[in-house]
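In the two assemblies presented below, chain A is common to both, partnered first by chain B and then by chain C.
Let's look at the complex of A and B:
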């Protein structure tokens, strides 16, 4: 009897590892291995010509970040992008979700329409917007028609990053809207009914019931937003043809990492150090957000 | 009171319709541009209805540009294979973590959770060097193998299987099915909703991915669509009619899949997102 139980146990262990074997393979070879390898790279100078060679340089790669003007520009652009895009897309998502949830006719239709940008690839979206941002393009025509100033959206360093911001707020808000929509289903009707008895207006109900009730979801949406915006790459790359131009105005941290890793020789180790700096930055931003939102909920 | 409700409703509808228009315009503009002649594109007239409706742009990308069908095929092969493998492997891992007893179960789960939080940029450079060492740059396997499991969906499947009724499995065991039989014949078919949501996300993620192919593919023959589209733009820099036609072809498969699985898509977002 005992032997049978042991046999059964061993069979279960075998099945477990059989089931986990593809995961373990990928985890070791393409995630955990690379993380350790990345630490190694960040302390080395890497030469890719012929056979790959590594030269230990200590903390040089990290020190170099402080002297790198382009790294500062990239960081500044990325921070500006994060600080503007995250609140805008969060608020837009919340407003859209609340409006969609108001029980109007045609909800399904609107939801399908709003989804389109979420489904479409960043490459396609960026190309469509570049076509609209053309100097002689649709957006400038509309602006001119209503008497607003027009811009050289793609070529002017002062507006190029704004052009990407507008596009991405438009593209990402619907995704977060869906998360809010799901959460809105859980708000108990009794809360609204009670407020209605007290004579609360629609706005008061939104501000005093919906918004506080959704606070944990908002916290999640903001963290996801932070992680996503810090990693801006595709749009900048396609928009600027990989350069981060005009005049470094669309250069982001990830685009810079890409350039140092794969476009210039001998800077792969430096790129790995930059990638670590970015990971730490994202981590800190996430922690900060968590702390802030927790403090808020004390009131 | 009633009148006030009316105004409120009107306001809500105005918001909804305005935003629907804002969402639709870029797509309609791209679609209409893809049916316009080059002269109309260059002349800068701003009409959503093409003056002279033409299919030449689509003909151009499929017939003259031989690589375009190849890119489409590459994308289908890569995204299709990645999706099937993810469904199988993520479920297997999720099931083992949820239901089976084995040494190392807890630490492994924690490691998978931790991996969720590491930004891709950290592993991107070493991944490139590893693939280079394996001789997998410029290959299907280089595109497929590193992405054939996904920590997020292992986590999602684990949550799903934890809530899965145990009685069904016990009944199957009494009928003489082994673990593998139970998993493939009972559990997996019943996990269909979770698998459907996962399939859409994995497929879309792979289909739309830009960074991985950009890094590991340099042979235009092996480009997937996002990369092909980008090189296409470089080649036909002011032929926006061609570029828009190619963009539309690229977007269509995702729209079709979405139309079929709409229901699961929403469930999936709220599942991977909200809770």
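Let's look at the complex of A and C:
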């Protein structure tokens, strides 16, 4: 009897894995495999062209990060970007969602209008913005018309990264706004009614009911924002033509990884080490964020 | 978020690419079975390059058609890699899917030759091919450390001074003959922020010959040495023109993407560009009256840059004989004459240049004259790293954020530490 049972159990397990196999195969081939290979590369000096060679170098690639001036600049730029963009886009998304949820006239229309930027591919978006950022472009014309100073948005190292930040906040906030909108539907009306009876103002209701109630969603939005902003690549790539210029001001970690992997020969291992380090950094940032939000959580 | 989109794009592209490859190999098989019965098997050679303008594409197509007529058993499959050419080529070579014959810029050549991914061509060359006919500096750019030739230059471009005739007339100035004259003339041509006397590209590829004009070296022993006071001295006037005279500007300061555009839009009275700018200006700005002249002398010496591109053969190619036939034809006297006949690029063979008579063309003569004294844009395997660091810091000096000497010193330090840890 017992043997029969194990046999049947094995058969069931076998069938389940048979059904899982296409997914498992894809996962192994396209996700797990490359991750393992990247970790392997990070500990080797790699030459892929011509005579392919892998030379084990231990932690040399990681030590090199410490001596690399450009890696430090890239990290600093990325951190600056994360620290400014994540709060801005989160707050903007929350404010947009709250105003849309307030029951204004034509809110469906505004919802569509606000969401439109998210639908455009980020590469196209960057190209459109570069055109607007042009020295004689739309943005400078508007600034001049209202009497504000104009900038060389693309060519000036002091403003190039800010230009990308503005563009990215504008493009990603609506995406998180939709998530907030969905969560806002969940806030029970009874809470607001109770607050109204106590004589709370609109601002007090927002600050003491809406914001705390949305905390789990905020946590999600911030984590997704962190991961997304740490991986900034395509915008600064297109903006600077792949160089990270002017004067390294738009050089991000992922762009640096790309440069080492594909632009210079024989540094694939170092690029993999950088990527590995970035992954750890994002992991730590996410853990920190989760820890912080959990402690403040009401639930 | 963005990275995910990027990954998705790459994923989709690779799937497409994969199916494309599958399609190709299927086609090849079919062809082989078709031709299997015949004595002469039809060979298909792939040729990869970056796209040019429509006229250039037509010229190349014509050259390839002539080739196929001459060698009916060889079919050429021409692929255009429109963007990020070197990245695509390197990735495909590493993946064993490289084209049989492809373009290679002299700038990238030493590093790629060193990896051993390119076939040396000496053993294929016949006397008839006439190597001595090539301009020597252009040919030397594709020699490996072992002295073997890894590619034959298909054409080249040099730099010359482009000037706006109308603006010169209005300002009542002559075309400058020396660099000091250029600086004076630029001041007179400048009209505030509307028109700059001189449009300059603050990058090493365009400044290399100026940097070395006072005897300093940008690269020594495959390492950066551009912090040399002699190099700083040579480049200082460019920075001064921008910051002190306010007579020079880079294209993006006036909303243009490159010098030719800035010049065409009338925002610069002079730019230093190559022959690619001639057809561009004639087509895009037909009313513009411009002339070309040799680059003003520095220290009484004539100098300019030359950029050259060669056809090279993939070491892993399975059709080397046919691939050589293609290179031989494209860089031979006949093929090169067709290819360069319209003057988009200049022929690297002396005999072809003489036959086409570009040295007598008023717009192109200064460019042709430059070939004999030009510095070829290439220097060792580390030039890409050196260039990247130079450009990054030179811009900050050009914009007045820090003194040139300090900027170059730091760039040199960064470049060399990158080279050492390679």
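Please note the rule applied: the second predicted complex is superposed on the first by the 277 of 299 C-alpha atoms of A that agree within 3 Å, B and C clash if a C-alpha of one lies under 4 Å from a C-alpha of the other, contacts with A are read in each partner's own complex, and residues count from 1 in each chain.
Assume a contact is a pair of C-beta atoms (placed from the backbone, for glycine too) under 8 Å apart; a residue touches a chain by one contact, two chains touch by 3 or more.
Because the structure is a prediction, the values reported are computed rather than measured.
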Which of chain B and chain C A:248 touches, first, second, both or neither: second
Which superposed partner A:31 touches (first chain B, second chain C, both, neither): first
Touched partner set for A:66, first chain B, second chain C, both or neither: neither
Touching partner for A:197 - first (chain B), second (chain C), both, neither: neither
Which of chain B and chain C A:136 touches, first, second, both or neither: both
Which of chain B and chain C A:156 touches, first, second, both or neither: second
Of chain B and chain C, the chain that contacts the larger number of chain A residues: B
Partner chain(s) touched by A:279 [first = chain B, second = chain C, both, neither]: first
Chain B versus chain C as contact partner of A:179, first or second or both or neither: first
Which superposed partner A:146 touches (first chain B, second chain C, both, neither): neither
Where chain A meets both chain C and chain B, residue numbers: 30, 52, 121-122, 134, 136, 175, 224, 227, 231, 233-234, 254, 262
Chain C contact footprint on chain A (complex, rising order): 30, 47-52, 64, 67-70, 121-122, 134-137, 152, 154-157, 168, 172, 175, 224, 227-228, 231-235, 242-248, 254, 259, 262-267
List of chain B residues in touch with chain A within their complex: 8-9, 12-13, 15-16, 19-20, 22-27, 29-30, 33, 44, 46, 85, 89-90, 92-93, 95-97, 100-103, 105, 108, 111-112, 115, 117-130, 132, 145-146, 148-149, 154, 179-180, 183, 204, 207-208, 210-211, 214-215, 225-226, 229-230, 233-234, 240, 243-244, 247, 250-251, 254-255, 258, 262, 265-266, 269-270, 273-274
Chain C - residues contacting chain A, complex: 1-6, 11, 84, 86-87, 90-91, 93-94, 111-112, 114-118, 250, 252-255, 315, 381, 384-385, 388, 391-393, 395-396, 399, 401, 413-414, 417-418, 421-422
Interface residues, chain A side, partner chain B - complex: 9, 11-13, 15-17, 19-20, 22-23, 26-27, 29-35, 37-38, 41, 52, 95-96, 99-100, 102, 104, 106, 110-117, 119-125, 127-129, 131-132, 134, 136, 138, 141, 170, 174-175, 178-179, 181-183, 202, 217, 220, 224, 227, 230-231, 233-234, 237-238, 241, 254, 257-258, 261-262, 268, 271-272, 275-276, 278-279, 282-283
